[in-house]
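Below you'll find the structures, each written out as structure tokens.
Look at the two complexes coming up: chain A is in both, with chain B in one and chain C in the other.
Coming up: the complex of A and B.
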């Protein structure tokens, strides 16, 4: 079985007026710039409550790092009580949404995604041996896990900046 | 499971008055970077309420000391009724925030985070014996490191908030609240 190492979930929540369209495009752009394959398996709209409809988007993005390692990034947008209204910004009509938004960003480092080490018991043993004694686990963490982890914080910073949150900025911007 | 020992239990700090939210975030984030902690922002929430903005930050940065022990700081910051206002400092108008902040600091020493000593009951037993008796000076040292770090960030934040005492706008002094046992 290929092994997945999670970077653990990070959550952003905001309630207020949001340019959902712009946020969607900005975050999607990040995946394009970072050479990820972008997939949106779920895009759902529900009637929600009297305050407005409910939206859900799930993104599953992946990128091959090598024949052994692959990065997976999943993003889950959940929007409640969405109400659209038009405003004129710099002479242009823009649709903004008053809503409650929750973004969950989760990353995984997949080892042996080509499943070369899954066929026999011996190859499974080799897989464990390779991770434990040749890569020494520490390398997996310091090289791939760390890269994905801090790059995801860059994505989180982009989202925070777009949402104009008070916690925008990132002291770790120069890592990876 | 790795063992988590509580070294600082819910140290609290409250402040009500004038400050800048973005500067506070930069201070905490910058301090963590400077001290060699790995970033971990579990939840960053913001919403608008009748009294002003409600902001909640939940962070759990960690620092590996050895391949056996790591320090974890749990920091929860809750800001309520945050309003934006303009203040005149040295004849220049500066945008500031006013509201209430509550901090809760927890410090942990996490040992055997790589789960190397829990594959067999004998290993688990040995780990406990080593931790309690043989490596006591080491673990005590790690614990004091964790306490020092939590106290340091606590002091920095206190000093940061105290700076606003010297502005000519109304403020209240930061107050440390110790948990009642």
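Coming up: the complex of A and C.
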């Protein structure tokens, strides 16, 4: 049966003035540039508090790597107390948002997404045998899990640079 | 027009590939009538339905009046045959687009917008979109491959193997169309979008309230 191996969850939190529109588009663009199928199954707005409305967006993205492996990336944005205001930046009007923001980035490597090894008990045995003795689990981790994790780390770096955080920068920029 | 089954889930005897599924939730003031009208026009323009009132596929409409406000359930089930009207229109698959509205706590309110008072509604709306490609759709009329003495033996092989690449292509087309609909709804509510071109927003004011810049005094009531 298809098996999902998850990467570590990455969380970014910021309270302050940000270009929320630009961040949203930049992160979405990353998925497009990296050939992911982009889906936004939930988009939600609530009145929130007197400080401002509350927004939620859930993204589910996936990409076929091979006939056996698929990458899934889910991103969850949660924004509280959002208040928009206009500023003039470099002679142009820009809409910035004062808010509290939380972004959760989660990745999964799916094995046997075509479900070729799910139909019979023998095929399920072959699936386990293939993963354990032929791929030896090292290949799963060192090749596919590794690639997904460091690519998501780059996505997190893009978000941190956009938010102008102190810890922006990526020591692993040359990996994958 | 084919009759829908009265007992059982509407999709229980159908072969379909899910293309897209999403929901939008919004709780604030917006003009409900303008929203309804805008979506009605969008579906007509995108050729999901003709501009004939009695053919509009609103399968269910519930209005419940409570002390907290009105509750509404609205189900729209659209069907479109890709390439309909052109030579070689297919008789095997079609696009299904199901739109479900759930509105709770709807109350009439007045808002001030750009120095003017407008009558509108305050409500919590959940807008659910499900897009599917249905294969062998003529089976509901008894004229499909599954009803033919010879073709029924080839139905599975055809849509799972022979015709699969074409169906996947159509699935992507329908996926894009469903997300364009999502874009229309999100732009109406003023939510964040990512598409490079705005889908129809130049025509309606945001949340249906107020005047379109340059057309003051002609806002729909």
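Some points to look at:
As a convention for this text, the second predicted complex is superposed on the first by the 176 of 176 C-alpha atoms of A that agree within 3 Å, B and C clash if a C-alpha of one lies under 4 Å from a C-alpha of the other, contacts with A are read in each partner's own complex, and residues count from 1 in each chain.
One rule holds in what follows: a residue touches a chain if its C-beta (ideal position, glycine included) is under 8 Å from a C-beta of that chain, and two chains touch if they have at least 3 such contacts.
Note that the structure is a prediction, hence the values are computed from the model and not measured.
After superposition onto chain A, the partners chain B and chain C occupy separate space and fit alongside each other. Of the two partners chain B and chain C, it is B that touches the larger number of chain A residues.
By the touch criterion defined above, A:21 reaches chain C but does not reach chain B. Of the two partner chains placed by superposition, A:158 touches none, neither chain B nor chain C. Rounded to the nearest 10, the superposed model shows the Cα centres of chain B and chain C diverging by 160 degrees about the centre of chain A.
Looking at the shared chain after the overlay, A:47 reaches chain C, while chain B stays out of its contact range. In the superposed pair of complexes, A:55 makes contact with chain C only, with no contact to chain B.
Between chain B and chain C, the minimal CA-CA distance in the chain A superposition rounds to 23 Å. When both complexes are aligned on chain A by C-alpha atoms, no chain A residue touches chain B in the first and chain C in the second. Within the complex formed with chain B, the chain A residues making contact are 8-16, 100, 137-138, 149-150, 153, 156, 160, 163, 165-172.
Considering their complex, residues 21-22, 25-26, 29-30, 32-33, 38-48, 53, 55, 57, 67, 82, 97, 114 of chain B touch chain A. Interface of chain A with chain C (complex): residues 20-21, 24-25, 28-29, 39-47, 53, 55, 57.
Chain contact summary for the complex, chain C toward chain A: residues 20-28, 179, 182, 186, 189, 191-192, 194.
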